[in-house]
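First chain written, first letter: the chains are A, B, C and D, and each begins at residue 1.
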Amino acid sequence: MNALISLGYVVSAVMFIVGLKMLAHPRSAVRGNLISSGGMLLAVILTLIQVQVAPGLWIGIYILGGLVIGGVAGGVMATKVQMTQMPQLVALFNGLGGGASVFVAAAELIRSTNPAVADPTADVLIAGSLSALIGTVTFWGSLVGFGKLQELDLFNKPLPIPQPQIVNAILAALLVVLTIVMVVTGHLWPMFLIIPIATVLGVTLVMPIGGADMPVVIALLNSYSGLAAAAAGFVINNNVLIIAGSLVGASGIILTQIMCKAMNRSLTNVLFGTMQPGGGGPAGSDEEIYATVRSTSADDVAMILDTAQRVVVVPGYGLAVAQAQHAVRDMANLLAEKGIEVEYAIHPVAGRMPGHMNVLLAEADVPYDKLKEMDEINPTMGQVDVAIVIGANDVVNPLANTDPNSPIAGMPIINVDKARTVIVIKRSLSPGFAKIPNPLFAADNTLMYFADGKKAVLDIVTAIKELG
Amino acid sequence: MNALISLGYVVSAVMFIVGLKMLAHPRSAVRGNLISSGGMLLAVILTLIQVQVAPGLWIGIYILGGLVIGGVAGGVMATKVQMTQMPQLVALFNGLGGGASVFVAAAELIRSTNPAVADPTADVLIAGSLSALIGTVTFWGSLVGFGKLQELDLFNKPLPIPQPQIVNAILAALLVVLTIVMVVTGHLWPMFLIIPIATVLGVTLVMPIGGADMPVVIALLNSYSGLAAAAAGFVINNNVLIIAGSLVGASGIILTQIMCKAMNRSLTNVLFGTMQPGGGGPAGSDEEIYATVRSTSADDVAMILDTAQRVVVVPGYGLAVAQAQHAVRDMANLLAEKGIEVEYAIHPVAGRMPGHMNVLLAEADVPYDKLKEMDEINPTMGQVDVAIVIGANDVVNPLANTDPNSPIAGMPIINVDKARTVIVIKRSLSPGFAKIPNPLFAADNTLMYFADGKKAVLDIVTAIKELG
Amino acid sequence: MNPPRIMNCRWALLLVLGLTYLAMPSWATAQGDAEPPPDSPVVVVETRTAEEALAAAAQQQKWTTLVASLTIFVLAVFIGFELITKVPPTLHTPLMSGSNAISGISIVGALLVAAGTDSGISAFFGFIAVTLAAVNVVGGYLVTHRMLEMFGSRR
Amino acid sequence: MNPPRIMNCRWALLLVLGLTYLAMPSWATAQGDAEPPPDSPVVVVETRTAEEALAAAAQQQKWTTLVASLTIFVLAVFIGFELITKVPPTLHTPLMSGSNAISGISIVGALLVAAGTDSGISAFFGFIAVTLAAVNVVGGYLVTHRMLEMFGSRR
């Protein structure tokens, strides 16, 4: 029996590996996720068989109750959430996972420090306090990330602490000391200090990081929670925990690096380059910058488009807010019927999660070959007649190239300013995610169309049809 | 102590993995091989420390003697061998490795069936007989491969057996039965049957396979010997054996597939498509085919080259035999001085080992960007003025495309026949590796220059210089 | 493409060595301690010698297991590094969410704790852990699936 | 590029499952047998109970070790498959020769056999095995190095 269970765990580990491998390739990703979830199901079933040996009534209720309550809650959240809120949800789930390891570690520590059971061995104590520590930081860090992604005001104010880095260093040192004390003395009390201090650390670590960088932070915290799971695996001698945990740990670190690279930043810069809210912009107030802004109307836009040969649509977060993807597709089809070439320029971090724009446009059945990646389209931007920017802001902000002090400095952008005419559709001159003004809006070849994204596009479609 | 040794084995396994990873990328390959050999050294040292616990005089002499004799022999062979003979040498080494596992298994079996020690357990018997079996097949199979690559006549005759496949199946079945008998009874005697039968199987398995396919066969046998090492690791509970063995086993199978793909054949076709010596060629005797062959001289070739703008050199096995690589480089430099563009078209299986031509030309310091892969140069073959084929035959044989019964049917070739003029330098009209005639030699735009490769090229160089 | 991969490989090596180092205290303990691991079979031991023998065997087993675990850890870290190279940006979010779901494997630990404890408070902690982990696992896989489905339609 | 990789992945799965199946008889034995493994510490056991306890512990250990070995095997197979994808043809021969050298790891087995045996004939077999394996290892690495050196000069 035991034999079969151990072998089953090996199979489940293999399913995680195969699943993760397939998840990393577009064509097989869906199946990969299914295989990986199958591995998880197998692991849970095996564990249930294993513990079933002597379950009391209460324990049975606890286990089944926990599984049912948690499963239903997770299922409902996952199915009800809107596309635009998925990143927040992932942050939340990650936090809950961290919370789970805190409670596992706490329960295990309480049990093993109970003198009736056995003296706790040093490695149980180490792994237990490590996973409590990592779990707590993950929990609170992810919650702060959730708040930032949800754009809750509370989380977007800078911390009232002058030097968060130094505070963090002190907290981390304290945690190390407490862990050592706990391992050496074998007492439980440092735990009651470790958890609150780790809580503070989780908050102060993530608070100063800009919301735009949250996906990276979440990926990193996720990687750490994987390592915590592996540590737990060492304690209870469970290979599937070790394998799955270290898989997640390693792939999370690589994923973090890849994501940083897509934003052209280093990991240290992401983690320790403190957020500069609004500051560091170009000299001059918004009014000066935006003195030469010209606005336009649907009819004008239709006329401009009528004479164009090559049009590029640059979608951003506003497209998701306005849910304008279907309208945009209709507009593109209309233009294509007139013999105009329409393409979409996809910036890797447009929107609020990597691949956000691909997902939205795919939902509206935009053909895959019309979506061009930034590196592909930038060299040909000079031959574009009209670039229509819909709800994008930071990803087309030339300050990224020109102002080394700006919070987005160094991020590669889509060079719409090279197009003959740029039409920007948004509701106002208010800034985007990075909270900085955008000189593009005042450029000579830019026309602003102030309206909700969906309404604007529908009006343009009507105007084009009226033109004939 | 034991603890440190086990950890050391883990480090050595990691070195194998990192080494193999680096070996698979051109820039890091040299360092990868060094790291992997470092891992091996570490493993050997650890083992020596481990066994040193109680070595008698004789045992010490055996161990050190074996290491020294074997190491020196291997080192001398590896440094003295000529470039063209490296494939044979690898086959030989592979065979010796297989032989080593036979003796390990035999010694272990003798020891464990010795009633004074302990009853042999079933898994020791299984793994022991498995590795004896695989080892024997590898040993003899590799030796046959060695003979074929060395072009020893003995090995290039077809077997005097009508249906080698059936014979092989019977032998394999016999081996399975014997292994089962051995495991069930726990006796040693089936071993004395297993080894001779496996010997016969090794020979009859590899004999019918064409020498051109030997690299694939060796890679496959190597993969099996890796699996045998892993099996041994299970018996003696040694993780480094398991890891290194299964690494080699898995990567060998993938490598086999990649190599088959480069030859555009399936693995089954390679292994069971029996060699058809000379047969299956196009209708008509050699004389008929070669009726319209025209030959040429160094002076004529120099004149043709003088008016050319784009020249492609197609090297083959004959270049290696004639050691003409330096002469060819000189000729190319001379032509380049005259403003003629010279490139080299490298077929993936030209020569006697993959990458053979790259190695040869690199030795003569031919610039890397002049070497074009087959897929790269074939589409532009129509714009080539002169194609100089030096010692290549099968890789430019149009029968691969036209005659579905030919032994090289389906192999992609370099389409030299599309060039305006083709000059073929070889010593005679005798066939190449596949032992089939080549209609290219009789084509309208082909001129044959019958001479040793090196001499021919040197003469051409002289003639070009005389032309001025 | 080659240089970054090699860099990754150095990275992996560094990480592995660092973690091996981290794991040191734990193996040192394993060597020093000579008590049977908590999950070894419960047997009635009558003589001192037998006890010693058992203890020695247990120590040996503990050590072997630890090295095996470490090996498995190292290999899995390698696989993790290898699998996630060159992922297209489109897949970053699903991959993050999918690997977050995999890290929900700590549900196994939660289940064992919830079932294995005798004290009331730690069983209740187990219950909370199972609940949270279940949210993570079920929600994580479902939301990943929903994201991926969106891409699915177009290929 | 994607389809072949996925195919490989099915391949790997098949292989792994097949091999797991192959390994079955061996674990069945591990479960059934209750004798101490040959390398367990030699102790003086005085009572029947102690013997039984030891045997049970040994069986448990044997089983744990076997599963760990199997896991390690599976992971290493995965790594092997992952590493050797998309190798340029130029490197096929060095790679073949280099992995042949790695398979010379059976020299560890040869050394253990040569050192561990008491009967004359099997010690002599061990000597031959060490010699052959040493040729394979030293020759294999050297010849690989020579091949690779040729490429080295031009990049």
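Just so it is clear, contacts are C-beta pairs under 8 Å (C-beta built on N, C-alpha and C of every residue); 3 or more make two chains touch, one makes a residue touch a chain.
Since the structure is predicted, the reported quantities are computational estimates derived from the model, not experimental observations.
Colleague: Please report the minimal path length, in steps, between subunit A and subunit B on the chain touch graph.
Modeller: 2
Colleague: Based on the averaged CA atom positions, which chain is farthest from subunit B?
Modeller: The most distant chain relative to subunit B turns out to be A.
Colleague: Write down the chain pair with more C-beta contact pairs when A-D is set against A-C.
Modeller: A-C
Colleague: In angstrom, rounded to a whole number, how far apart do the mean CA points of subunit B and subunit C lie?
Modeller: Spacing between the chain centres: roughly 42 Å.
Colleague: Measure off the straight-line distance from the CA centroid of subunit C to the CA centroid of subunit D, and report it in whole Å.
Modeller: So the centroids are 24 Å from each other.
Colleague: Where in subunit A do residues touch two or more of the other chains?
Modeller: Each of 13, 17, 21, 25-27, 237, 239, 243 in subunit A touches at least two other chains.
Colleague: Going by the touch rule set out above, which residues of subunit C reach two or more other chains?
Modeller: Where subunit C meets two or more other chains at a single residue, that happens at 12, 30, 64-65, 68-69, 71-72, 75-76, 78-79, 83.
Colleague: Touching pairs of chains, which are they?
Modeller: Per the contact definition above, the touching pairs are A-C, A-D, B-C, B-D, C-D.
Colleague: Residue numbers of subunit C touching subunit D in their complex, please.
Modeller: Per the touch definition, subunit C meets subunit D at residues 40-41, 43-47, 49-54, 56-58, 60-61, 64-65, 68-69, 71-72, 75-76, 78-79, 82-83.
Colleague: Which residues of subunit A touch subunit D in their complex?
Modeller: Touch residues, subunit A against subunit D: 2-3, 6-7, 10-11, 13-14, 17-18, 21-22, 25-28, 237, 239, 243.
Colleague: Could you pull out which subunit C residues touch subunit A in their complex?
Modeller: Residue list for subunit C touching subunit A: 8, 12, 15, 23, 25-26, 29-30, 33, 35, 37-39, 65-66, 69, 72-73, 76-81, 83-85, 87-119, 121-155.
Colleague: Flag every residue of subunit D that touches subunit A in the complex, lowest number first.
Modeller: Within the complex, subunit D contacts subunit A at residues 2-3, 5-6, 9, 12-13, 16, 20, 27, 30-31, 63-64, 67-68, 70-71, 74-75, 78.
Colleague: What residues on subunit B touch subunit D, complex-wise?
Modeller: That would be residues 13, 16-17, 19-21, 23-27, 29-30, 32-34, 36-37, 40, 43-44, 47-48, 50-51, 55, 58-59, 62-63, 65-71, 73-75, 77-79, 81, 83, 86-87, 89-90, 93-94, 96-97, 99-104, 106-108, 110-111, 114, 118, 121-123, 126-127, 215, 218-219, 222, 225-226, 228-230, 232-234, 236-255, 258-259, 262, 348, 353-356, 358-359, 362-363, 365, 367-368, 373 of subunit B.
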